[in-house]
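Heads up: the structure comes next, in structure tokens.
The letters A, B, C and D name the chains in turn, as written, and every chain counts its residues from 1.
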Amino acid sequence: MYSNNSLIDEKSRGVYVIAATPFKDDGELDLESVDRLTDFYLEKGVAGMTILGMMGEAPKLTLEETTAVMQRTFKRVNGAVPIVVGVSHASNRHVKSLASEAMDLGAAGVMLAPVANLKTNEQVYNYYATVAQLLGPDIPICLQDFPQVTGVHTSVSVINQLVDDFEQVVMLKHEDFPGMRKLSQIRQEASEQGRRRISILVGNGGLFLPQEMLRGADGAMTGFAYPEMLVQVCALFDAGKPDEAEDLFNIYLPLLRHEFQYGIGLALRKEILHRRGAISSAYVRRPGPLLDANDHEELGRLMNRLERSLA
Amino acid sequence: MYSNNSLIDEKSRGVYVIAATPFKDDGELDLESVDRLTDFYLEKGVAGMTILGMMGEAPKLTLEETTAVMQRTFKRVNGAVPIVVGVSHASNRHVKSLASEAMDLGAAGVMLAPVANLKTNEQVYNYYATVAQLLGPDIPICLQDFPQVTGVHTSVSVINQLVDDFEQVVMLKHEDFPGMRKLSQIRQEASEQGRRRISILVGNGGLFLPQEMLRGADGAMTGFAYPEMLVQVCALFDAGKPDEAEDLFNIYLPLLRHEFQYGIGLALRKEILHRRGAISSAYVRRPGPLLDANDHEELGRLMNRLERSLA
Amino acid sequence: MYSNNSLIDEKSRGVYVIAATPFKDDGELDLESVDRLTDFYLEKGVAGMTILGMMGEAPKLTLEETTAVMQRTFKRVNGAVPIVVGVSHASNRHVKSLASEAMDLGAAGVMLAPVANLKTNEQVYNYYATVAQLLGPDIPICLQDFPQVTGVHTSVSVINQLVDDFEQVVMLKHEDFPGMRKLSQIRQEASEQGRRRISILVGNGGLFLPQEMLRGADGAMTGFAYPEMLVQVCALFDAGKPDEAEDLFNIYLPLLRHEFQYGIGLALRKEILHRRGAISSAYVRRPGPLLDANDHEELGRLMNRLERSLA
Amino acid sequence: MYSNNSLIDEKSRGVYVIAATPFKDDGELDLESVDRLTDFYLEKGVAGMTILGMMGEAPKLTLEETTAVMQRTFKRVNGAVPIVVGVSHASNRHVKSLASEAMDLGAAGVMLAPVANLKTNEQVYNYYATVAQLLGPDIPICLQDFPQVTGVHTSVSVINQLVDDFEQVVMLKHEDFPGMRKLSQIRQEASEQGRRRISILVGNGGLFLPQEMLRGADGAMTGFAYPEMLVQVCALFDAGKPDEAEDLFNIYLPLLRHEFQYGIGLALRKEILHRRGAISSAYVRRPGPLLDANDHEELGRLMNRLERSLA
């Protein structure tokens, strides 16, 4: 419906911002803030958006809310940038119906994390292969590799095999930690073995973005609340200026590191977005992290220090 | 609507069977088998039913399907026995809406497992306390203590504190493993400290049912595919015949142990229910365990051995 | 020194009992009970012994104590049966020195569990391959596959690759749970792919011994405190009498299931061995499980029931 | 023997550097580098040292090596600063003997991490309480709270109870992540409830050192390979100059974040110490992380950038 007629593919690059899902102070979905936040991201120059990921609190939405967030975002973006939709779910049937709904609305592709309790390479491969077959070759897939939350470890050989076997696997959200060698191995083995080179966008808030760009990343897929920095850093790397890129990155690193804290990081991110005027409330659905007075003061101090550094 | 006008409470005892959720071979919900399975359980003499638990594949249902299973089961049971409804969910809002729907349909209470990633006693207590306050004192709660799957460990002191602080906490589905000392501690501390004595129904397929009855359990809440044995064992314990009870239990123990296997246990259970004519298909939603030829033959051999033992 | 000149190999079969390590009531090593327990095991007809495994509390021994247990056991066994020695350790150097010491004393081979935090197939393979190369082709290795304790999952393909690459990998202590399909897969893939058929001895107290023998196991490597049952069951399977074997097994199943409880199972096992006169004290080194009055009474009741069943 | 006659206590503050354990390229202990590294740390102005912790590869040393590292370090320090010795072990008997040996050599106290598989508050408390009683009131204890590695979560209430019950619990190595609220809670509850205020030194490489100092930390106990920065930051905080402290900290933050990577972080740390001339080899005992050419180049680039920033 609102597609820009483009799908994600192996050439996708730049910053795909992981969008927060805004709620009102009473926990209800805040669709007006969906508009405002979308505008905020677009103004900061993101190359794409990823909605309904883990940081989008997708598991805490009802199906109706999921649909509402999708529709509102697609309408507001209106084809300006490609949108990837998170479709991870305990049931493959649900993954398929979510993916169909997303693609019908104009999604550029879907992001898929593995279900829990996959242990061996074979189990991880089989999970993804089953879903890839179910979705078919026309729905581009971004593999979400985030073992810190899923508990599932996806080895380089599994990623390689999926790339070899399924043309729709075009992107990796690289979020293993530590994961830099993994990134280099994927690039090296693709090069040496004549394998298709997929798009790799890095997560973890971008904590290692400069190092990862130097190792062959194509950009970032993360939700750091100052996406303009990520955009500029990627642009400087594209312009062949890695040191300028890293100088800029380092100015934001203290705050980025602060937001990196698992769990409470989401509350911090939403609070920054709220303070920056991008959403009307920093509410996180329960059970979820809450900021106390110390957290607020600490965050304010770090934001002030950043502003002074940028001045 | 279909209530027998009774709620679970501290006196609840006997076998509350964990109901499987039947699907057709294509994965669609099989509501006719919901009827058939309900009849099967009632014929076996269960004291109650628990629907939409983990073994009921609740996380793999859509909201519409969840409602359909509830309605069909309540209608078929028609007040014959109390029904507990599993309402565990990542979002407290969802827990509340599921619980309201269940109670409106005539549920006797709700079963609640903790969300993931609760680590300390305080975190576990706070999770349950928040939800208990949200649901209010009129909805009886069965705590589901199943760390093997949830990863959350609920200590005796947390259970005691919840019992002290929330009158609606009336039942424990005891499924920690090993967990027998925990059961004894709860009983002993209630007795010594004048605490309210709640109902404790044991899980894990009933693998330690005789030992747990001797330690003060009030029955079983589990889905072993021969619920008639669980019913008879509990009745024999009630009649003061623990050795006869255990003799009977031991006849079924080889098969019970077989079904105890995590993961594939659900597929085995559904296959037995299918072979016993209680459901039309043994289908488990994907991703999920599948039986192969060896598994089928092995199960058949064990079922034959059981039948010979009973003859 | 005390070797029976035989090493474990692909043909090894029967019951290799996992030996407890006896302590006095004050926690000191009890070498006289090492003798007594060794005699007990030999009298029960075990085909081999495995010392210094996890259930042997090996991580709680000093190096001097480790050496003392080895020497005493080898001397007492005096070549009567092969002895496998557990050599798992955080440091490969230590694995090597332990293995050398064991082989010099006359060990038939070593048992090796992986270190913690190995996640992917590649990591697990590389760990074992590195150690196998370090130990060299002359030291037979039994892979200990016990993810419930180690947290490491070893897939069938990793086991196959190790068998293909290292002739000294001759045995698998099969203890994954549920793990029966794994056992069948190893056998099937060896047969279909012309791979060397290694010895597979099952663990988990023998909870699924009859099923596992039917799936191709060669025996058991476990520490159930009534090893004579395991010995007879294996003999009956060898004699082509699987139903008689399982009938006998089932008589012990209630107690075997009781001992299966992780953690407290070791205390129960030692208490049974103590009651049977095989060791002078049931002491388990701290921190470790302790039996209380309820546990003692419950165990006594189950032992009495077993004796009545056998009478 | 080499004591400075001082024990750690509630007033201990500043930087207690977690000392690496140096090996030669063949994996043998490198005692000459123990001297060199000790000198390096002392020259950088550390307030104390902590040896034989996890980052000191203590689990990979033999008892003889453990003793050798202790003796060499104590001799070289010669009372210049207090030394805390890590004594964590699977067996309480071993903890006691290690602690006795350390104190006899002049240690200022011992550091103790919990054994694995402690789940509830009661289990964690009981573990520490048992060991504290075993060691007695004369051996000061530093609690090591590092759930990312131990898997054990120690709640604020458990820490408080240990402080209340055992006067020898004088220090917390604060390394939970995210853990800043925990730090604030400990301080606040001590203040509000009149509890003894213990020393809190922070870990995780110091990734949040400025924030933690503002929340009431007394310093750092970590092994960042530029300990002079940690020393100066703590001094600036003591001098009431938090902004200057954080400005300095931020210069090192890119490299500190780099070293923060679990697993490979130890190899990076040793490589930096090697490049800085503090140890003769960066060898890490196997199995352990190895740096490849990319890692070396990346590290060199980051070190060069740091040097330019400091110039």
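Going forward, a residue touches a chain if its C-beta (ideal position, glycine included) is under 8 Å from a C-beta of that chain, and two chains touch if they have at least 3 such contacts.
Per UniProt, the chains are A, B, C, D = Dihydrodipicolinate synthase family protein.
Every value quoted in this text rests on a predicted model; they were computed, and no experiment measured them.
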Pair in B-C, B-D or C-D that repeats A-C, with over half of contact pairs matching by residue number: B-D
Remotest chain, chain B as reference, centres from CA atoms: D
Chain pair with the higher count of C-beta pairs in contact (A-B, A-D): A-D
Computed distance of Cα centres, chain B from chain A, in Å: 38
Two or more partner chains touched - positions in chain C: 263
Chain C contact footprint on chain D (complex, rising order): 27, 59-63, 90-94, 115, 117, 127, 130, 263, 285-287
Touch list for chain C against partner chain A, complex: 119-123, 147, 153-158
Chain A partner contacts - residues on chain D that touch it in the complex: 177-178, 180-181, 184, 207-208, 211, 214-215, 243, 246, 250, 253-254, 257-258, 261-265, 292, 294-295, 298, 302, 305
